[in-house]
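The data blocks that follow each hold one structure.
The two complexes that follow have chain A in common; it is paired with chain B in the first and with chain C in the second.
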Partner chain A sequence: MNRNLARILAVVAGVLAVTLPALVGAYPLQVARNIMMYMALAITWDMLLRSGQISFGIAGLFGLGAYASILGVLRGGMPSWLSIPFAAIFSGAAAFLIGLAILRLRSTYFSIVTMALGEIFRIVIHNLHDFTGGPEGVVLQGVILGGDAGKLYWLTLAGLAVALGASFWFEKSKFHFALTAIRNNETSAKSSGVNIFNWLLLTFVITSAIQGMLGGIFVQSYGFATPDTVFSADFTLLPLAIALLGGIHSTVGPILGAILLGLAAEWLKLQIPYGHLIVYGIIIIIVILFMPQGLLGLARKTVRAADRRKP
Partner chain B sequence: MAMKRRTTILVALGLAAAVILVLWKPTVLIYGVQQAGLYAAIAIPMGLVLGIVHIVNLAHGEFMMVAAYATYFACTASGMDPLLAIVPAAAVTAAFGWVVFRLTIRRALKAPELNQLILTFGIGIAMSQGINLLFSSQTRKISLDYVSSSLDIGELSFGTWSFVFVAVAILYAYGLKFFLTKTTTGKAAMAVGQNPRGAAIVGIDVDRTYGLVFALALALVGAMGALFLTKSAIFPGVGAPFTMKSFCLVAMAGVGNIPGILGASVLLGVSESFLRAFRETRGWADIVFFVLIIAVILGRSLKWRKS
Partner chain C sequence: MTKLKTKGLTRRFMGLVAVNNVSFTMDEGEILGIIGPNGAGKTTFINLVSGIIMPSEGKIEYKGRDITYLPAHERARMGIARTYQLIHPLENLSLIENVMVGSIFARGNGLKAARAKSTELCGELGLKDLDRDTSRLTILEIKKMEIARALANEPEVLFLDEVMAGLNADETKDLIATVQKIAKERKLAVGVVEHVMGVIRELTHRVIVLEAGELIAEGPYEEVSKNPRVVEAYLGGAA
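Let's turn to the complex of A and B:
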């Protein structure tokens, strides 16, 4: 019964998500787009986390995709719809090269290198001034889909659907077993014939490609890119806080976290325009110290305790 | 034997490069070494924490930034020279660090490494954004006369103040080496670093030692915060690059090899300074550490596969 209920809820949420533009005005749609963007980023971050690797480079790969997309249109003459898959391929290829070099040494080394990515890409963009527009950024002639609020919403929803689909695929396929085995114990995973390096590289490339694609969607829907907007620390911090608060190693956790924190973020941005990110820093600290399984874990614990109390 | 030969070759190569630089562009070497002093003095405390407490403190640079801010406000309020504030800054940062350690990091010591990374990352963000919230992202600077002191040798003219960083770095490296090998507390800390369980069995208070080492490292970082303020402008994000560069240096030297950090910093500092010497390559200087860290990882993974 529980499973049926979950299915019904999922269908209702899906229908609601698709029909939202018909129901509400422009501002709620804008908020919903932000929430979906962060939700998708949080899900891709969590997909890699399931293998025990922490990436602090979400903003880096997101921004790289954003620049690939906008420069693909401006300098490469691509149609704007094509630039979005191009962004995915570009970020995925960058992740492949980086992963090839660094994924043999994992955990801390990987995390620190990803932490530097945003800064490194930013330096590259500053230095290739003539091609990338440098610190002032670049502007598109027009926004994709004519800037129609409803259509832009559906575009972001499609991006989220890709992330969700990939995440469910990871949960149901061989990925789940491979990544969980690597996370729990690399030595035993290796001795059971799991090729750790290949699985991690594949996972890093897939999640980075999705992050790049989201960057492409972002930049095409706003029509401009500057290093400060697309490599903003928001794109690393919010997804991290969202996935941790909701509950890591699952798809449902980041969904839950994104709805909660995404709404809170809109309110916080208005209340504290500068320095609102401190809230996410504090959320990260509190979750790690007191509820490492997030709200989802807390809910599971409560349900289990309630079950036990029943005769 | 092979190890010794390789070290000799490396030293010879380094010397040759230094001689060429002295003849061709002496300021590259001078400013590179000065920069290396700054990097090393900040990286050494991170090496200490990593070697003994086994925590990668991703809030490392942020602690220095907070120390520099505290010094800035103390000095502008009282008209004190930042140099006089070095000792109080060290004491205050150590106390602050100890509190942060007791309240947060200590609880995650037994947790998986991933949790520790996320935790210290969160602490760093909370610190830099807290400063941003309180004092805005405006840059602040104290101008001091003695900082612009310079020396002329023939046609060559260069600033001399930054050599103070080199002195501090050497003092830190050899002071810590003395502390860890010659004093009782230091030896106990070494023992804890090597084997916490064994250390506990022979009666060392492991928990206290961790707190002590963390506070000591932060005292060194705090002193550097005050010293950093004499030379540079500060803003909330000023510490973050130092976290990554420090980790790069510690990784290059190898965990537990504190004097090795000095050599690694010279490589980083001089390479950056070399790129900064030319107009076309100036902007790429900040990418050097990234290239170095990738080279270190590649080297390590090859060695690891061989053995």
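Let's turn to the complex of A and C:
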């Protein structure tokens, strides 16, 4: 019954998401694209978190993919559609090489290094003036899909679908067992034959590739990239806030969190320009203090308590 | 047939020699007790042979193959399994899923096959209601789950690190019978660390005694328990 309800809800949400361009105008579509972009990033962040590794490197791999895509078109003469999978491969390959070096680190050490990564990429691109356009960035001749609002929406939706698909696959496959075992206790995971380093590396590469792909979709949709826009701390902090609010270690949590926080941000932007950032901060603090499992955890707890009250 | 063998196994932590020059063998079908006072190096010894830590010196052989520096997950796949003194049920995984981990990763089974095999294994150990959250299990059930998880590796050598701790007399009896049964059916070589000597007497064919990292005595429990060095190790020099 519960599962059927969830399925019906998912189908309705899916149909609504696909047909949205026929229903609403350009501005709501733009808002929806933003929400979907952050939702997808939040999901990929959570996928790695399921192993216990807290990454602050989302913006780094997103921005790297963004530059790979835009420079692939401008310097490599790639068709714009091809530059998006290219961005995924580029960020994935970078994550593979970086992962070899840093996935021996744990907890705060891993987090700090991933945070530094984004900054390193940003500075390198900043300084490779001739190739990357330096701090002024680079501009495309035209936006992908002719800049059509509906088509751009669908492109972002496709990106989100990839992230969602990967996340559900993680939940239903050996990844679920491997990552949960690693998060709970690495020593006991080893004793059950889990090759911890390989699973972490694979997860880091997959999530980074998706982040890179999203970066590609982002720049192709807006037609330009500067180091400060595509490596913006927003791309790290907002997905984090979204996943924390919605509920970590799940796919549904980030979906919930992104819709709530995304809509709240739009409304707040109109009420208090720039004030929405303060509100984000307050939400993160409240969530961490009072509901560390997020809204999803709160819902689960309520259901469980209700179950117990039944005779 | 000898399954596991160490030669001059030594592990130093800074100045402390936790395991010192220990040579031993474990045979197929044998239940071996590993005893000694607190801090004697029993758990360190198990950590060494299961690959959780690496030795400073010495050699470990499994079925004639040198595994001294092999990583723990590879030893698990080859057939060395263990439980932990401090129990670590995997939260967010149900009872059956906890057991499946060993079957999936140590044996390379798919999820379906792993579930089927783990269900059978849990049945053998008398575990019921397998979709329960681990927070709902009794201590005995958690201990059995830990053993099931180790057995899911389909090991040939199994180490049990104080699995009886925290159980009452009836539960202990139950678990002793369970361990004897699974060891016999599978022709397992079992290494048992226990502080309760009654358990050691009942369960083991042979014991080795560690004191300050050194192997000081070896033989059937009845014999070893009368060895003056062993008595001294347990009761102190004054006895």
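Just so we're on the same page, the second predicted complex is superposed on the first by the 302 of 311 C-alpha atoms of A that agree within 3 Å, B and C clash if a C-alpha of one lies under 4 Å from a C-alpha of the other, contacts with A are read in each partner's own complex, and residues count from 1 in each chain.
The rule is simple: a contact is a pair of C-beta atoms (placed from the backbone, for glycine too) under 8 Å apart; a residue touches a chain by one contact, two chains touch by 3 or more.
All of these numbers come straight from a predicted model, not from anything done at the bench.
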| item | value |
| --- | --- |
| Simultaneous placement of chain C and chain B on chain A, clash or fit | fit |
| Greater chain A contact set [chain C / chain B] | B |
| Touched partner set for A:121, first chain B, second chain C, both or neither | neither |
| Touched partner set for A:274, first chain B, second chain C, both or neither | first |
| Which of chain B and chain C A:285 touches, first, second, both or neither | first |
| Chain B versus chain C as contact partner of A:54, first or second or both or neither | first |
| A:237 touches, of chain B and chain C: first, second, both or neither? | first |
| Touched partner set for A:181, first chain B, second chain C, both or neither | second |
| Contacts of A:196 with chain B and chain C, given as first, second, both or neither | second |
| Contacts of A:104 with chain B and chain C, given as first, second, both or neither | first |
| Smallest separation of CA atoms, chain C relative to chain B, angstrom | 6 |
| On chain A, the residue positions that both chain B and chain C contact, one per complex | none |
| Interface residues, chain A side, partner chain B - complex | 49, 52, 54, 56, 101-102, 104-105, 107-109, 111-113, 115-116, 119-120, 123-124, 126-127, 233, 237, 240, 244, 272, 274-278, 280-285, 288-289, 292 |
| Touch list for chain B against partner chain A, complex | 56, 58, 104, 107-108, 111, 113-115, 117-119, 121-127, 129-130, 132-134, 136-137, 241, 244, 247-248, 251, 283-284, 286-287, 289-290, 293-294, 297-298, 300-301, 304-305 |
| Residues of chain C that touch chain A when the two form their complex | 50-52, 71-73, 76-77, 81-82, 84, 88, 90-93, 97, 100-102, 104-107, 111, 149-150, 152-153 |
| Residue numbers on chain A that touch chain C, as the complex places them | 173-174, 177-178, 180-181, 184-185, 187-196, 249 |
